[in-house]
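Remarks on the structure that follows.
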Amino acid sequence: MSQPVPGFVPSTAPPGRPEGQRKLLARCWKFLAQRWEWSALTILAVAPLVVPALGGALGGQVTTLFIYCILALGLNVMVGYTGLVHLGIAAFFGIGAYVMAILTVPMFPFQIGFLAAAVISVLVTAGVGLALGAPTLRLRGDYLAIVTLGFGEVAKVTLRNLEQITGGMKGLNPVPPPGAGVTVGGINLGQAFAIDPRWFYYLTLLLLAGVVVAMRRLEDSRLGRAWMAVREDELAASAMGISATRVKLSAFAMSSAVAGLAGCLYAASLSTTADPNAYDFNRSIMVLCAVILGGLGSIPGTLLGVALLVGFDTVLAPWADSWIQQMNINPTGSSLLSFSGWRLAIFGLALVLVMRYRPEGLVPSRRIAAELHSAEGQA
Amino acid sequence: MKPNPFAGAAGSPLLDVDRVTVRFGGLVAVSELDLDVPQGSIVSVIGPNGAGKTTAFNCISGIYPPSAGSVRFKGRRLERSFSAATFARAMGVGLLTGLLFAAAAVDVDRLWMAVVKRGMITGEPFTAAGAMDRLRGYFRAELAIDQMAGKWRVVSADGAEVLAIKRDLTEARRVRDALQAAVTARRIGPGTVPDSTDLATTPEPAASAPELPKLKEELLDRLAAGKRNVRWRGWAGLLAGWLLGTAGTIAVWQRGRRSPHVVARAGISRTFQNVRLFHNMSVLENVLVGLDRTIPGGVLAMLLRTPANRRGEDVARGRALEELEFVGLTGDAGRIAGQLPYGDQRRLEIARALATGAELLLLDEPAAGMNPSETVQLTGLIERIRNRGVTVLLIEHHMNVVMRISDRVAVLDHGIKIAEGTPAEIKRDEKVIEAYLGSEG
Amino acid sequence: MSVQFFLQQCLIGLTNGALIALVALGYTMVYGIIGLINFAHGDLIMLGACLALTLVGALGLAAAGPAATWMGIILLVVLCGLFCGGLNVAVDRLVYKPLRTAPKLAPLVSAIGVSFIFMNVGLFWLGPSDRSFPELLPSTNLLGGEGLQVTWKDLLVLLVVAPLMVGLTLLVRTTRLGRAMRAVCQDPTAAALVGIDVDRVIAATFFIGGFLGGAASVIYGLYINTIGFQMGFQNGLYAFTAAVLGGIGSIPGAVLGGVVIGLVRALSSAYVSERWTGGIVFAILIVILVFRPEGLLGKRVKEKV
């Protein structure tokens, strides 16, 4: 990662800046902003070798976390970079998972390999995104929220109703692990994936890293700038020769494609698509919350947001519930006194408070770098 | 006034506004406006507030469509024409929508079962030819065989009707053939014209006919009608979807014919009265947005950072810095646009507009909110822009700016052009003094 | 597939549509005035239905005579209306008002947050499973005979919805408040300049939208007879679709959109399949938005430059 942080152009800073703490701080921030991926990647890559628990159920949970991170990064393209509200990302997640399953389960005659199936499901989800976006993206921005919400519902119901294709409420299974039947260097890859969750851990980590790199590159490319220009001021962008519709469409397709990738990883790692209700509004909202909480348009923010929310759901809430039970505070078992009973309200309150007091999220994307930089320039 | 090297260039004007009227409901904002902007000149539009100046600008830059009249740039109307590509897109979208509708109409779920799953059930290897056969079978509503609980069943094509259950597959096949013959016979009975598919699939009645289940007349009728039914639904779906898709594409194209980006790509760029920068992007990025069309490569090139893409980025960056230098913002390239002082934001907007490679620049009150020294700088900047060969159309309230640099001045009042001429002529014009300057004394 | 069956489905569609329209009005008014998709509106109505259920129990309406029942229903409509209106205004004050100048995303996301909080409250109020709402009205056929079925319930919907809509139209057309609302709709800054208290007008809009929603919640309970903490989401989705379909910001548009959606739902449930109703409604929404992006009765909005 040697390219500069977007919004920061080192060669053009005014000469003769005073040296000082601020600069040091800015340096530290710059280093973190540029290198956090490497530090995080190293830690995560070494972890399974050091922490034996990752070879067990925990490994599977962390894999799911990575998959949600990919999904959230996909949503971030749409919501964060382009400023379009998307309330149906789970539908694309689901379509990715189902395409993966249809192409690989033994119930159907296709049974192609993981890689080809993944590529096809990414293409299919991107195509569905284009097909949905083309007629609707020309509309005023906030109509889109309702179109995506409606599409999310319709997709869920369709997945449930097309029983011959999707298995209805049973879903499709078993989705074979990647590399089933392929032997490399004496290791049967399929079996290895099936037995040791660390294989999946590394696969998803690798793909997550790939998506992060891709997002970084897009942020600092023609397309990324166009996305942000449309977010900042659609009319001004189109007066600069940018076709706002095309730009939004590309963001929609990119979002859908990344969500599809996350979906097919999800199906493969669970070896089932689960039932269509796994791809409902709640999941869309959870991912949206993660992106907003972490910081719109910010890659580290998005990842942090997912970690916090999934952590809340799978770690903190069960822990607090068991604590409440241990302390015998809630002898009648009333849901008012259980932590998970307040899950929705806590999510809701978090959204309201973040929007009120910190709309840029926990790790804002460019503003901090910008503010630090301008402080530097003005000092 | 400096001599203008471009003035009096031969040929048609760069921009030709021809009797443009813009109405909002009952309100006429601009009425029959005629305006010529010759290449290489600076033309100003002045007039009291609410005279329709900005509306005229919005109309030229494609934000509002004119209610009547036309705007020509370099002799061309600034509208997307109905090209072969538009036609192809409409057809393609129509076909896709049609297929989607047809899939829904013929029940894609059962189609899938018939084409994909039935082959698995009868143990045939999945080949393209086999799938095509079953697909054809579905649309001919041919009886088929599938399996349930270890027994073979003869079913209608969509699997909705079970006609017979047999232990043995060959037996089931023979029953199927015989029943199919009965159904086909019913179909090509008196009053209906057989088509080739019926004749082709009518098997010879087997010599040793298996014991046939007695089918009710009504069921036989239904099965016989199945083919016409599924085909009718398929075609109707295809046609309806195709019509909707094509019409929708054309409707959308029609609405987007005159969009600001079409105008901008033709070579007209503008600034806004209330500065509209991309506030959370850096100054350099703001300018780069205008240059984005010059960078080659699609998404894949951007992801892989191909050399061509990287070179394009570098060239664009260089040009963006040149534009920043031109307006005097070199030192601020890395700052966030929203944090610039107001006057600098205006200049950045000009740099952004110039970066698009515009031949005509529309400046909407560029001196608004500027102090006198900034205004002087701006006047110089506009002259330098003209000297680069970029034609300027200007809305401005600062009379000293207008009078100093304009080659021609047009005066608007209540949407009507009341005068046009050189600054000196305008200063003397009775009507202008009355309508505009008159109010000041 | 007789004519009578068709008419019966149309009647179902019409009554459902009237109910949807009542909810859609809440969306369209708030959108018209501050450009916010009030996501929490559906869940507000769910809370109204909770209150209605509680009140029915507290007042003992299930066992009351016909006269008392009708009085009770009117009381319920007023109380739930006031409750939802008040709650809506409170949410506006607490949540949306500080975000008036924020980017558009902020109030929208806050509204989603509020909807979640409401849903959680509803979860505690009703419990996780659906609750049945007592049948207060006899389901005898008013027309008599075996033909077309028109029950008191159908009549109730029209009896409550029609006056509310007429009242709303009169309010917006003729009163000072209505004029102020239309002015704020057009241009809040200019309205403030001519001395209109914009915040009060917005609060009034939220109150009226909430009041209509509260009334809708009572009728919903009486008509559908099942309420649950998740009903807000589904109904909100349909109602918002209706508002968009009719042209968001337009009051007659919301009514028309509601009736269209109600009819489409009823007819597609009857003639295609209940399972695909949602898909059909959605497809129609997209088709209409392609050909008329401003909705059936909406006006094309020009962006201010």
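Just so it is clear, A, B and C label the chains in written order, and each chain counts residues from 1 on its own.
In this text, a residue touches a chain if its C-beta (ideal position, glycine included) is under 8 Å from a C-beta of that chain, and two chains touch if they have at least 3 such contacts.
Here the structure is a predicted model, which is why all the values come from computation and not from measurement.
With chains as nodes and touching pairs as edges, the resulting graph is complete, every pair of chains being joined. The largest tally of C-beta contacts between two chains is found for A-B. Our note on geometry: chain A versus chain C, Cα centroid distance of 34 Å, whole angstroms. Measuring from the averaged C-alpha position of chain A to that of chain B gives a distance of 28 Å.
Residue positions of chain C touching 2 or more other chains, listed in rising order: 290, 293, 303, 305.
Residue numbers of chain A whose C-beta contacts span two or more other chains: 135, 138, 161, 235.
Counting only residues that touch two or more partner chains, chain B has 63, 248, 252, 255, 272. Residues 287, 290-291, 293, 302-303, 305 of chain C are the ones that touch chain B when the two sit in their complex. Taken in their complex, chain B has these residues touching chain A: 61, 63, 93, 96, 108-110, 112-113, 116-117, 119-120, 125-126, 248, 252, 255-256, 259-261, 263-265, 269-270, 272, 276-282, 284-285, 288-290, 292-293, 295, 297, 299, 302-303, 305, 309, 313, 321, 330-336, 339, 352-353, 356. Across the complex, chain C is touched by residues 79, 83, 85, 87, 135-136, 138-143, 145-147, 149-151, 153-154, 157-158, 161, 235, 281, 285, 288, 292, 296, 335-336, 341-345, 347-352, 355-356, 359 of chain A.
For chain A in complex with chain B, the residues that touch the partner chain are 6-10, 12-14, 107-110, 131, 134-135, 138, 161-165, 214, 217-218, 221-223, 225-226, 228-229, 232-233, 235-245, 250, 254, 366-367, 370-371, 373-374, 377.
On the side of chain B, the complex with chain C involves touching residues 24, 54, 58, 63-64, 244, 247-248, 251-252, 255, 272-273.
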